[in-house]
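Same chain, two partners: subunit A is paired with subunit B first, then with subunit C.
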Partner chain A sequence: MDINMTEDVQNSLKDEGFKIEEIQELIEKAESTGTKLKHKSEGTFIAKEDFENLTRYAVYTTSDGELTLCSVYAHKMNINGPTGGNIHDVEYDDKSEWICQKCNEAALERNVDLSYMGVTRPGPALVCPDCGEIYVSEGVAKTLKTAEGILEEKRA
Partner chain B sequence: MPAEDYAPIDQDWLEKAGNLWTTPWADTPSERVIVDPIILSHAASMFRKSPGYFYKNPEEAVRMVCHTCELYDVTPVGHYLYADYWGEDYGGELKFQESAPPGMQKRPITTPEDVDNFEVLSPEELAKGPSCTRHFRALDTCKEEYPQMFAPITQLAGTMELATNWAAIEDVFMWMITDPDLVDRLCSKAVDHMVNASKVTADRYGANVMITGSVVASGDLMDREQIKRFSYNPVSKAVRKVLNEDAGPGIYYHLCGNHSDDFDLWKDAPMSPFTIVQIGYDGKEIFPTSKLVENFGDRCTCFGTVDTKLVDRGTPAQVYEQAKQQVLAGKDSPRGFILGTACECPTNAPPANVHAIVKAAKDHGKYEKF
Partner chain C sequence: MEQIDTVKSLCPECLRKIEGIKYVEDGKVYIGKECEEHGKFTILISRDVEHYKKMENCYEAERAKPKAFLNNAEKGCPFDCGLCPSHKQDTCIAVLEVTSRCDMGCTFCFANSTSSGNDPDMATIKKMFETVKQCSNDPTCVQISGGEPTLRNDLPEIIKLGRDMGISHIELNTNGNRLADDPGFLNEIVDAGIDAIYLGFDGISDEIYDKRHKKMNFSKKAQVIDRCEKVGIGVVLVPLVSRDYNLHEVGKIIDFASSKVPTVRGVHFQPVFFSGRYPSEEGRITIFDLLEEVEDQMEGKLKITNFTPSLMPHAHCGATCLVVVDEYGNFIPLTNISLGAVESTSDIARKTKNSIMGRWKGMDESSSCCSKEVEVKSSCCTQKLEIKSSCCSKSDQENKLNSDFSNGWADFIELSKENYLTISAMGFQDAWTYEQDRVENCCIHVVTENGKFIPFCNYNLTNCKGEYLYRNAG
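Right, the complex of A and B next:
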């Protein structure tokens, strides 16, 4: 699979320590299983891959058989599941701008439990109410990076 | 008083207090619960200065707070804030008063048309405005002179608090009845302002602790549906945006006043790994820590409270007893616990009463979970 990307995106791959082959594999898996989020109006996808101490994401678009990588990001905090233990009804409009491609359901904006260095605390995420897949948005990943740094300093 | 006129902060105390302060956030073992009596102009009384002097002199204010924290052996954080931020930035007039925090005298919004014409300032404009300029004088002093006591706080409160700094409270409450969509639009602008103000602090210091919540929007003035519509929903939207735009990660939900009928809404408010919830009152009574921990303990750090009226006018024994009950109920809350006051420590609270809270934490707030 050929992936188009700008120089900025190439640089951010290097900054994040990702290899292009790893991103290709991540996207191919998402495309074949349908485990990805699709933006309801922009045609952008978010795919992810969970490792023990890292979750990686790729944001991309597809058009006429061509794939363009828009950005990559990651977080070290491990996603445990919905805060409070389950997805329950809430008294606000929790539907996000993203659709779970597998289930064709709007991903919900919810708090999920995140663990790092033995500490478990909440963080905002996108949750499919059907299959339960959880994604962290790129913006929140930056916030988590700050949080991870603070925990590393405090737990040192 | 310039910096050199203060006695040096005891570094052993600072290290120990820092360890106690880290526990609620990072689960690092320590001996006991730490106390945060939310010291602001009370610090001025310790130096025989007035609230007016405190608020007009942010550099000195933060010095007084830091040294008062040491005196009481409480959270080692230099605070400076007051309720009426952000009105001046939009053309309102803030009056500094001798015996009270500064208050809005003239507000920028007086008519419904003003609401629709109101334009939210950009982060760049806010950074140069009077609220940030004054606030950063305090924060920069703390960062420079007391770096271990520095926290990059942005004082926002909630959308209704901003709305009533921009327009008279009686106007906003009348519009809530006669034209609620207008108040929705005003609160929506408050959301944008909250995000922009948070970005200013995050850009300047690399992180931000957003002090938000619901103060005017409490059960004493609004019902649950009004709080949900004009406070909980837009505040949640603001916090979500702040966290999505890397302007966090600290979120402090200060639910001041009575929140008997709406506290449960806030269980689902957006949270970050550094989120704390403090609820003042349950009807006329202090919000029981047992209820706070039952509802929020498996979610975020909990801030148990002692009645500020008691701290101001009660006896040390009464304060100690209430603090004891609250700390016993919360000390081993799974995601961290801090004991404090329901709101800012009253300016002229007897120091013996503030000390009574700390004594109760020392006597009864030893952790069992470590």
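Right, the complex of A and C next:
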């Protein structure tokens, strides 16, 4: 699969330590398993892949069989699950603009518990009410990265 | 009885160099040594050999050598201080005593200060600052000490001199008496450029201060902190700790400190060591015992395992832990010895200096809630990252969520920038517990009036009769 990307995106891949083959693999897996979100109107996808101590995301669009990579990001924090456990008490309209591609359901904007180095705190995420897949947005991942850095730096 | 090491130590009676051994008996670690003239000496250095070994294994790091040596090695450590070429570690903080006078007359005083003495003049102090610049690598950190530095009316000029000469960080070691009574003086010191206050603080009960000097009580110490809060300067609480004196209050001291975050940046426990003046030879407490008391009194909020060996010269010189204090007064410890050894080796003195500067500076007055740059210090460099705090997240939904769950990760970052407490313990050595290996790696250097650098424990070392090796020795 050919992936188009601007030079900026190519540079950010290098900065984040992603290899193009890894992104290709991530997207291919997401395409076949449906572990991705699709934006309701804009047609952008967020695909994710869980590794042991890392979760990686790729944001991309497709048109006429061509795939354009918009950005990549990751977080080391482990997603424990929805804060409070239960995702079925919908108190207000918290459906997001993103549709889970496994279940065709709108992902909900919910707080989830995220842990790193023994510290657990909540953070906002997108949760599919059907299959329970949880995605962290790029903006939130940036926050998590800073928090991870603080924890790592203070370790010794 | 199992020997684990040899130790180069001293005789507490005559201070001659004697070789001893470090050994384990009943799970405890001891130093045993013998002077041909004065007999055998045995000192307990840890009640838990497993903890002792864990601290040792926890880190291995590179050390930078001092920038310059001022003496030759002739008689061998500790007799050639200046520093001598055998010294292995750069300065992380230089102690600059601007007076030997003090008005408290404390029962415990490693400097054996009294109300009389001749203060060094400004020319001498200038020379002392010059020595710091000559012998220690940048960034240079100085602790103004004494005696009691606030007895000098020209203290603001001294601080300004240090700043003008390019010293990167200057903190003031003080009992706080004058700062409580004379807020104008505090303002002058702050205007002159002091970075932090290192405040003697033995407890929250007046009976403790009665035992020490009867001249300041708890509310006066608290007043110093409140004044510092108003002028935006950070404070580190420095309790001397001794059994039967204030050991029972270590938990309360930490709780009090956490209630005064972010003005109070840390608590730096100093277990009693028998140099200088002290009421009796009782009350010695090891770092491990102190940490055990802390865990006990804090009822699990802090554990022994949260303490790692300090960014210090030697695994057994000190233990540190860093906690973020959240909006509810809960402790989120960031450090844990079980997280293992540091992956990157880095220059200890420089890292300690950066810690001192980063953690103990005054507060940022421009604490706006919106997007701002946070400096994330890693071991080799400092990155700037832009953070949008919880009130400025992308969507309204996120805002709502963040306000419902204000203890999220975005707030953690805000909290960790300011609402943290460094809790540490530093075990200074005396003639009984002396280990040459530790002294050779010491990074706390006293700069003397005649322009020499001397490791702290050596500078304050006295024999059992109270006779100093270096202090007041000319």
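The rule is simple: the second predicted complex is superposed on the first by the 150 of 156 C-alpha atoms of A that agree within 3 Å, B and C clash if a C-alpha of one lies under 4 Å from a C-alpha of the other, contacts with A are read in each partner's own complex, and residues count from 1 in each chain.
Note that a contact is a pair of C-beta atoms (placed from the backbone, for glycine too) under 8 Å apart; a residue touches a chain by one contact, two chains touch by 3 or more.
All values derive from a computational prediction rather than experimental measurement.
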*asked:* Taking subunit A as the common reference, can subunit B and subunit C both be placed on it without clashing, or not? Answer clash or fit.
replied: clash
*Thinking of the overlay built on chain A, is A:G139 touched by subunit B (first), by subunit C (second), by both, or by neither?*
both
*Examine A:C131 and indicate which partner it touches, taking first as subunit B and second as subunit C; both and neither are also allowed.*
neither
*Now for A:L151: first (subunit B), second (subunit C), both, or neither, which partner does it touch?*
both
*With the two structures laid over each other on chain A, which partner does A:I20 touch: subunit B (first), subunit C (second), both, or neither?*
neither
*Clash-bearing segment of subunit B, relative to subunit C, as chosen among 115-123, 223-231, 241-249 or 313-321*: 241-249
*Shared contact residues on subunit A - subunit B and subunit C*: 77, 83, 109-111, 114, 117-119, 121-124, 137, 139-140, 142-144, 146-147, 150-151, 154-155
*Parts of subunit B lying in touch with subunit A, wherever the complex brings them together*: 22, 25-28, 206-207, 228, 232-233, 236, 240, 243-249, 265, 267-268, 270-275, 298-300, 335
*subunit B partner contacts - residues on subunit A that touch it in the complex*: 77, 83-85, 90-93, 109-111, 114, 116-124, 137, 139-140, 142-144, 146-147, 150-151, 154-155
*Note which residues of subunit A are touching subunit C in the complex, please.*
77, 83, 94, 96, 109-111, 114, 117-119, 121-124, 137, 139-140, 142-147, 149-156
*subunit A-touching residues of subunit C, taken from the complex the two chains share*: 58-59, 308, 311, 322, 332, 334-336, 339, 341-342, 374, 376-379, 383, 385-388, 393-395, 397-398, 401-402, 404-405, 407-413, 416
